[in-house]
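In this document, chain identifiers A, B, C and D correspond to the written order of the chains, with residue numbering beginning at 1 in each.
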Amino acid sequence: MAQMTYRQALNQAMREEMQRDPDVYLIGEDVGEYEGAYKVSEGLLQEFGPKRVIDTPISEEAIAGAGIGSAMVGLRPIVEMMTINFALLAMDQIVNHAAKLRYMSGGQLKIPLVLRAPQGAGMQLGAQHSQNLESWFLHVPGLKVVAPSTPYDAKGLLKSSIRDDNPVIFFEHELLYGVKGEVPEEDYSVPLGVAEVRRAGSDVTIVSYLRMVNIALGAAKALESQGVEAEVIDLRTLKPMDLDTLVGSLKKTHRLVVVEEDYKTCGTGSEIVASLQKEAFDYLDAPMERVATAEVPMPYAKNLERAALPSEQSVIDAVYRTLARETYQLTRV
Amino acid sequence: MDKQEKIEMYRQMVLIRKFEDKAGEMYMQGKIGGFLHLYIGQEAVAVGFISALRPDDYVIGAYREHGQALARGADPKRVMAELFGRSTGLSRGKGGSMHMFDLEHNFLGGHGIVGGGMPLAAGMGLAVNYRETDQVVTCFFGDGAVNEGAFHESLNLVSLWNLPVIYVCENNQYGMGTAVARASSLPEIFRRAQCYDLDTESVDGMDVLACRDAADRAIRRARKEKAPRFIEAVTYRYRGHSMADPGTYRTKEEIEEWRTKDPIERFRQSLEGTLTAEDAQRIEEEMNSVIAEAVEFADKSEELPAEALYEDVYA
Amino acid sequence: MAQMTYRQALNQAMREEMQRDPDVYLIGEDVGEYEGAYKVSEGLLQEFGPKRVIDTPISEEAIAGAGIGSAMVGLRPIVEMMTINFALLAMDQIVNHAAKLRYMSGGQLKIPLVLRAPQGAGMQLGAQHSQNLESWFLHVPGLKVVAPSTPYDAKGLLKSSIRDDNPVIFFEHELLYGVKGEVPEEDYSVPLGVAEVRRAGSDVTIVSYLRMVNIALGAAKALESQGVEAEVIDLRTLKPMDLDTLVGSLKKTHRLVVVEEDYKTCGTGSEIVASLQKEAFDYLDAPMERVATAEVPMPYAKNLERAALPSEQSVIDAVYRTLARETYQLTRV
Amino acid sequence: MDKQEKIEMYRQMVLIRKFEDKAGEMYMQGKIGGFLHLYIGQEAVAVGFISALRPDDYVIGAYREHGQALARGADPKRVMAELFGRSTGLSRGKGGSMHMFDLEHNFLGGHGIVGGGMPLAAGMGLAVNYRETDQVVTCFFGDGAVNEGAFHESLNLVSLWNLPVIYVCENNQYGMGTAVARASSLPEIFRRAQCYDLDTESVDGMDVLACRDAADRAIRRARKEKAPRFIEAVTYRYRGHSMADPGTYRTKEEIEEWRTKDPIERFRQSLEGTLTAEDAQRIEEEMNSVIAEAVEFADKSEELPAEALYEDVYA
């Protein structure tokens, strides 16, 4: 297997899918000549030319809309939003159009579109450039939502997303682009909707996705040295969500912590916890915990930004809260 | 254009008029729900522009689109069934008045967000050039849409990229209760498109042949030279914005004045010699029965079963 | 007390606040001459003139932005979005600007703005005109979110919202405008952030807001005849949320059903359930239930729309699910 | 304009240039995080336009706004402290480079969303008319913003409602790596504003007196007649889009060519006789120490304590 970065894995996925299917094209701000604000589309303009790698004006609504319109008549656009923060200008096209056109047309249309966007904080970009909006998209029927944490999944899930006949919101993370991992030489894809157990454990389940998987794994490692065995599950796809894997894990661990970089209120974790308290009520030995970003617009100052984001320590604390509970109950019994 | 073609255009205008009259009636009877935006008064625009297209061209409208769907060849039975919310409707009853889709005729909706169809049309134009065909895209919307950001971004794109898109603004003088001059810094709508380096013009939207002529010219440019165009069709809606609109923002006199320019009546007069009084009478009757059949069809059609609620969300 | 409609109550609140404070003004599409798409602003143009009741072009982004800009320099706009569906075109202004400006300016700015919008389904308006997006706004720090179910609250909460120095998203419901209720003659307001127990009961807590409160009350009445005493709580404000009242009720009933017209996934109910499974873990005798709209773009056809929306029956079923659980456990013991 | 005023303008341009040079340096040293968009090359625009304003007028910029904040009178110490993320910064370190606010000087940001400030400026103009004062609003943004829907909706509003807003587009030839002609259907940016019925013009953005003159005229019209205006200032950014930009999309020759029009150098030459070589030297030195002080101040300032994370969310 080759070692490559998350960025390179994404680049390969696009390149290979564009080679495979002439209807696949890439459109977005500075994706061509500039090769992407985060250089994810490096070399694509050169290989595929300006017909298939399209630089746009700064017009998010029309970029999304043009992608959708082309998908309505059979093309398979990959729309790059420079960051998810700018998708706020395209919400009408994404939610009122891409997500609903198939239904409103009684099934006549399909919208095979991937909207890729980096999200997340950690680079001191301030409140308007550090958002995580995945739960907004989870809330919208008609969309799928993908959020890979490794180069392997980035490539495999992007391929599946491009091949999918539905609008897929594909989240990337600015701080993952440079992360390396193993990626097979041969063609492969990762199916949408299947979570992955990144680390087995019996004491507590830590559920996460995107960059927070690394925080979860770091916390799990620290916990191990303290005798706590955490199972770490990487959701990979957020919609549809692989609840079965979570329930399976809970049956074993009876405790759960969700770690998300998004805000807690009505975030992805809220849905996971709300679903599991129903699906796995009898298996729960303690309240499930949510670790998320502080509910403030993201500050610029480094110390404050760091304080706002989930950390390994905050995950460890949450794990201990789920365990303390057991201790308490055990004492009482 | 030969005689037959003109008579066919006339037939379509009568069809639309009668269809919309009947739809209004059915709405009052509670057979149709939701919002119903009638096209009465604007028939010349849909028929003039759409009659000039080839079957493989794309058409996209807004929420006042029954007339456009019909002009494009959608079966009146299925349009009515859609309004009735039946399984036989164009969109299986899931779309309703605002969301008619007929892919068989390359009619791509039926969109309820003001201006929302404009970027989609740009995308279709992009697809045409991508595939290197000579199709064109015709996109209808109202005067109100001109003030949306989507208008601006779309016009810039089609001009910058030379997309074969014809944007047809049906300036019917009002966006709901707001007169054009109260919403647009330049009341001559076509002038609002003059800062994107594309062809613009204003045409009499009550004159179907003028519309047809503008369409022919625009289509020629778009097909051969990939030149987009913005056309303002000056027209009027006789009825309220929707069935719920009391219409207090305009006078009876104003409405009467516009009615004297009625596009169907005017076309009929201009066709004298070509279209005899008997022909007109015969068309009238034919259309009456087409509409009656449509209502009957819609009424007899089944609703979708409750399970169908969950169909068509994902492909 | 006077009997008046929800619409009239809202109208009075605006009228009285505009009389009281010359900085308060109303802006939106067709709010003046047309008196609002739903006639909520009837008579206001006549009373206050075009300077304070401003008809706009159809430009949602600029309408929101102009309101926010005027608030940045001290005015107190009431921005009417004709319906919340069109706010998708203004999300950038609402979320990236209104919600964040105070924080990004280090507390220099305040944004005393109310964005009023009807939402919800039930009138066969189809997928693009029938949305409920309250959970999106709950997700955004810096905003407050209000959702009254009665004329009394509509007036009292709108007054508080107008007087609040923060951006408040004020949800109304198209099917509530015509509903009548008692409204005092004298000046009053209802504080933000305080839920109301609409009906006391000991067997199960039903939490709801906006139009769904009526569904909940209807269900409670039916349940009563079957010997089940439901407590019905009207949240009234969704952000900040009055969790205390919910916990208090749970201590008594040990069972909870949330009824929302929004979608379930990452909806308001997800947050309530996720919070309560932590705050009230020991009081729960059964999994909490969420009753919400079917996760499909809203269909036009009357029968399908009805099937998609929560009904009294679906609430009753959910209540029985929480009770069945008890039965089951009792049998087992 | 008297001599003193011109010298003051010169002083400000030097201040901005030196401030930005130093900020770039501090960024490379890791003292500043996030994105840093330098204003070097564009100094004439901020100084020319802002020097013409009254203290009670409103100014709003985008994310390349340090120069505007400084020209508006913001304390360089606090601007630098903001970049350093310190509690003494203009926005308490919570905003950073893209979100400078200084209400004391009616400087209303500091906005990171391209085009996002334009509707806000319209709102401020609305507030001015509402209060019946004669303030004006000046709003800066880039050539890239011209293609956003916000541009269109805002221009229509200010024209329709006669709001005293002066929109200043700093056409520095690129939006990130995209040259104007690759993004705008009309490459002459001011022509993109000619369909809203407002005054438009293009001005040499490398000539501070030309900018000042355009500002004076625009302000007079806006104050007295409530007429909005759109002004394109043709300029150039010497540096990359941000510190991360490799800048491969333009040639060294192009940059050199623009550098020959350097706004500071050019202004200095035009001031010969008014501004002696010694004056210039003195200003240079003064500004060096202002900047040095600013860095020292920023460096010595405290960070906000962690609890402050939760402050400033709600009023």
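One rule holds for everything that comes next: contacts are C-beta pairs under 8 Å (C-beta built on N, C-alpha and C of every residue); 3 or more make two chains touch, one makes a residue touch a chain.
Just so you know, these numbers come straight off a predicted model, no measurement behind them.
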| item | value |
| --- | --- |
| Chains touching both subunit B and subunit C, listed by label | A, D |
| Farthest chain relative to subunit C (centres taken as mean CA coordinates) | D |
| Distance between chain centroids, defined by C-alpha means - subunit B, subunit D (Å) | 46 |
| Distance from subunit B to subunit A - Cα centre to Cα centre, in angstrom | 41 |
| Mean-CA-position distance for subunit C and subunit A (Å) | 30 |
| Sequence positions of subunit C contacting 2 or more other chains | 56-57, 59, 61-62, 85, 88-89, 92, 96, 103-104, 126-128, 141-142, 295-297, 299 |
| Interface hub residues of subunit B, defined as touching at least two other chains | 91, 93-95, 99, 111-113, 116, 147-150, 153, 156, 160, 182-184, 313 |
| Chain-level touch network, classified as line, ring, star, complete or other | complete |
| Of subunit D, residues touching subunit A in the complex | 33-35, 82, 85-86, 91, 93-99, 111-116, 144-145, 147-150, 175-178, 182-184, 249, 303-304, 306, 308-310, 313 |
| Interface residues, subunit A side, partner subunit C - complex | 61, 85, 88-89, 91-92, 95-96, 99-100, 103-104, 126-128, 133, 135-136, 138-142, 239, 262-263, 265-271, 273-274, 277-278, 281, 284, 286-290, 295-297, 299 |
| Complex contacts: residues of subunit D adjacent to subunit C | 58, 89-95, 99, 101-103, 108-113, 116, 118-127, 129-130, 149-150, 153-154, 156-157, 160, 311-315 |
| Sites on subunit C touched by subunit D in the complex | 25, 51, 54, 56-57, 59, 61-62, 64-75, 77, 92-93, 96-97, 101-112, 141-142, 144, 165-166 |
| Contacting residues of subunit D [partner subunit B, same complex] | 147-153, 155-156, 159-160, 182-186, 191-198 |
